[in-house]
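The chains carry the letters A, B and C, assigned in the order they are written, with residues numbered from 1 in each.
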Amino acid sequence: MNPGKQLLRQDMMPHILCPGCGHGIVLNTLVRVLAKRFTSMDQVALVAGIGCSSRIVGYIDANTLHTTHGRALSFATGLKLSRPELTVIVITGDGDGLGIGGNHLIHAARRNLDLTCILFNNETYGMTGGQLAPTTVLRAFTTTTPYGNKEKSFDAAELVKAAGATFVGRGQAYRPDLLEELIDRAIAHRGFSFLDVMTDCTEYFGRKNALGGGSDLLFSQARGEEAIAQGLGEWPELRDPDGFPIRETVPMGVLHEVNRPTLEEMMGLAGYDAREE
Amino acid sequence: MATELVSGNEACARGAIAAGCNFFGGYPISPSSEVAETLAKILPGHKGIFVQMEDEMASLGSVLGASLGGAKAMTATSGPGFTLMQEHLGYATLAEIPCVVVDVMRVGPSTGVPTAPSQGDVMQARWGSHGDREVAVLAPASVREIYDMTVNAFNIAERLRTPVVVMFDEVLAHMREGVELSAPSHDELWRRPRPLEDPGPSFRAYLPNEDGVAAMPNFGDGYHFHVTGLMHNEKGFPTTHPETIRGLMARLKRKMDPLPFWLPAEHYRLEDAELAVVAYGITSRVAREAVDRLRDRGVLAGLYRPRLLWPVGAADLADTLGRFQSVVVPEMNQGQWVEVVERYLPSAVRVVSRSKLGGEPMTTEEILEGCREFVKKGVRAL
Amino acid sequence: MWKKEIRLAGSGGQGLGLAAMVLADAALRAGLQVSTLQSYGPEARGGASRSDVTLCDQDIANPWFSKPAVLLALNEKAWMKYGPELAEDDLALVDSDWVKLPERRTVYQIPLERIAKTEMREKLAANMVAVGALAAAIGRIPLDVLMEAARSRAPKGFARINQDAIRRGWELMEDLKGGVDRGGARGA
C-alpha cells in the first residue's frame, strides 16, 4: 500500500484534477515523503494559493490553508514567524507563483525563512481554462494566444536562485522517484527551498497544441532530458525535429544549495511561540 | 499615572501592545507609518514579531497567517494600501480569521494628497471587498480613543473571529494630545473561542456556537482543519451547495449583531435639542465645538457621534434622531455616511450633507454656517 | 474658559517641532490641556514648516484650528501667510531681522536668530528664544516649568544652550511687554 494514502482526506474525494493531469503524481509523491518524514501531521502546515495545484492541500490531512491568488507565501511567512516549530510547505502553480504572486516569491526567497515552496509548473492557467502563463513556451497556443505565444517564458529556478533562495531544484512528474528524493531534501533544507516541478495540463495545454494525452505529455518530459543527454541543448519549443512533443526540462536535480542564516535565526526566534495563554 | 504627549499613531501602536498584539506585518505608507515604526521598536520587547512585507497584500496575508498560528495580529495602512488590502479583508471575513487593520485616511482617490486628512474611505471600508459582507469599522475621535478603540478592535476581532478596521485621519494620526493611557487588565481582553473537544476526525472547524461564532484552534495544536476562501461547509471544506452558502452568509451577518451594543454612539447635548449634527472622527471634534457655540447663542443643538461606522447601530440612530426636523451631517468627503443617516431616518427628517474636500478639516465656522438655515428666526444671529 | 491657539511658522530645519513640544510639554506640566499638530511630510524637512499648539484650561473639544490667536513668524513668508488673518487683539512675535512689518500692527519684534547666534553661539537656538518669549507673553506657564520641559526635551548637548535661550527670550519679552503696555510695538 502507498504509505501516503493514510494522509489523504477521504471525505474530500473525488478530487478536481482532470484525467491525465500530472498534478496527481506530484501530490502522491509529496504525501509519500510526508509519511516517511513525519509520524504525525500535527506540526505540518500546507499553504496554497489559487489554481489547480493549490487545491491539493485540501486533500492532505494536516493543517491546511487555501489562501488567495498568488499570496500563499505571505500567509506562510506570518504563520512560520508566529510558530517557528511548524514545518510549512507552500504549494503554488506557475501562474499563481510566478504571475500574480511573483513579487511575493522573490521576497520570500530573499528573506530566507525556513519554508519549502513547491511550484507545479504546467505552463498554463489550467483552472481558468488554459490561458497564457509566464512559463508558456514561445509559439505555444493557449486560449489567450490564439496566434501563438510571442513572449519569452520565465526560468523559475534561475529567478528564485537570483532572488536569494538557499535551495533550488527542479523535478518532473515523469520521474517520481527522483522527485521524492528532491522533495525530501527540500524539506530537510534549513532556509527557503524552492522546487520547480514539471507537470502537465492535458485537458487544455495538451489539447490546444495537439500534443496528445497524459502519457504523451509525460514522455515529452523524458524526451527533453534525452535531448540534453544527446547534447542538443535547451529546447524551448513544443516539438522535436521528428515532430514529437518535447518539454524543456533543463537542468534537473538540485541546482543550488548554500547555507545562510534564516530569518528566524536572525530574529532570534528559537523557542518562540505566539500562542496565547 | 502621568499625563504625556502622545500622537494618534503612537497611541494606536501602544493600544495594540496593551491589547496583547504580538504580530505586526506592514508596509510603509503616509500618514500611517508611525504605527509601524513604533511597533518595530517596541514589539520585540513585548515578545512580539515585526515584519515589513513587500506590499500591502502581503502585509495582511502575513497577519492572517500569524493569526492562524495563534497570534494577535495587525497591520496599519492608508488609503492606497487599504485598497490593496481589500482582497484579504474579504478573505478574513469568509475564513473568519481575527485581525485588526488600521486605516489612516488621507486625501484620495489614487495617490491624492499623501499628507493631508480626509474621511474618504468610509464606503471603501464597507464595500471595498467584492462580494457581500459585514464588516466592523471603528471611528475614534481623539488620541485617547485611538488607544482604547485599538484595544476594542482586538477584542471584537478575537471574540467574533472577524477582521476589524480602525479608521481615523491624518490629523488625528499626527496630533499629540495630553493623555493618560491606562492599560486594560487581563480580564478586559477577550480571546477567540477555543474548542472544548480534543482533536479528532469528528472535529468541525466551522461548526458555530450559539452566538454564531465557531471555536478556533491554532494551526499546530493537533486539529487538522482546512481554511479556505471558498464557500465551505462546517468542516471547512469547499462547497457550492446553495443552502449551505446561504446559511454561512446569514451566520456571518448575524454574528455581528451585538456590535452596536458594545460600541454605542455618543449622544452629546441631544436630549432637549432641536437641531442635530451627526459627525465622526476629527469632524466630530469640530462639530462638538460648533454645538457648544450654538448653545451659547441660544440654539438648542446636539451632536450624535457614531463610534462604530459599520455595522450601523440603526435602532439607536432611528430612535434618537427620528424626532428631529433637520439633521446636518458634516464629513470630509462628498457625503458618505450621510447616506446611512438618510436610509435609517423617516423621510420626514430633512438630512443635509455638508461636505468638505481639499485636505483640511472643517472649521467650526463652516459647521455653524452649515447649520444656519435650520436655526429658527428670532434667535441671535450666528 | 481660557484657550490659546498658537501657530509657530517658519521653514523646515528651524526646530519648530521641538519648540512646539517644549511649549506643549511645559503647558502639560503647568496643568493645562494640550494638543499639538506639526506639519508633516517633505515640508517638515525643508520649505515652509509650521507647528500648531492648542492650550486650554478645560478639555479641548476641538483640537484643530485654521486661524491662530498667537503667531510666531520666523520669516517673511510665514508672516505673509498667517499675519494678515490675525485680529487686533491677537498676539504675534516675529524675528525682526527677517520680517518686514506694516507699521500699524502691534507686534512683538525680537531679532531671534541674531540673539541665538551672538549670545548662545548657536543659530538653531532661535526656536528656544522664541519659546521663552512666547511663554512670557502668553502667561500661565511659569519660567521654571518651561526650563524643566526644555531640559527634558533637549537633544544631546543642547540642554544648557536651550535653557539659556529660553531664559533670554523670557527676559526680552518681559521688557517688551512693558513697552507695549505703554503703547505701540517695540523691538528689542
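The rule is short, and it goes like this: a contact is a pair of C-beta atoms (placed from the backbone, for glycine too) under 8 Å apart; a residue touches a chain by one contact, two chains touch by 3 or more.
These figures come from a predicted structure and were not determined experimentally.
Chemist: Assign the assembly's chain-to-chain touch graph to one of these shapes: line, ring, star, complete, other.
Modeler: line
Chemist: Looking at mean CA positions, which chain is nearest the middle of everything shown?
Modeler: Checking distances from each chain centre to the full centroid gives B.
Chemist: Could you give the separation in Å between the centres of chain A and chain B, each centre being the mean of its C-alpha atoms?
Modeler: 39
Chemist: What's the distance between the Cα centroids of chain B and chain C, rounded to whole Å?
Modeler: 37
Chemist: Report the inter-chain centroid distance for chain A and chain C in whole angstrom, where each centroid is the mean of the CA atoms.
Modeler: Measuring from centre to centre gives 64 Å for this pair.
Chemist: Quick check on the complex: what are the chain C residues that touch chain B?
Modeler: On the chain C side, the touching residues are 21, 24-25, 28, 33-38, 40-43, 60-66.
Chemist: Which residues, counting only chain A, touch chain B once they are in their complex?
Modeler: Chain A reaches chain B through residues 9, 11-12, 41-43, 45, 47, 57-58, 61-68, 71, 73-83, 85-86, 103-104, 107, 267, 269, 272-277.
Chemist: Can you tell me which positions in chain B touch chain A when the two form their complex?
Modeler: Residues of chain B touching chain A: 20, 22-23, 25, 47-49, 51, 53-55, 57-73, 87-88, 91, 191, 199, 218-230, 235, 237-238.
Chemist: For the complex, which residues does chain B have touching chain C?
Modeler: Contacts found on chain B: 3-5, 30-31, 114-115, 142, 170-171, 174-178, 282, 285-286, 288-289, 292, 360-361, 363-364.
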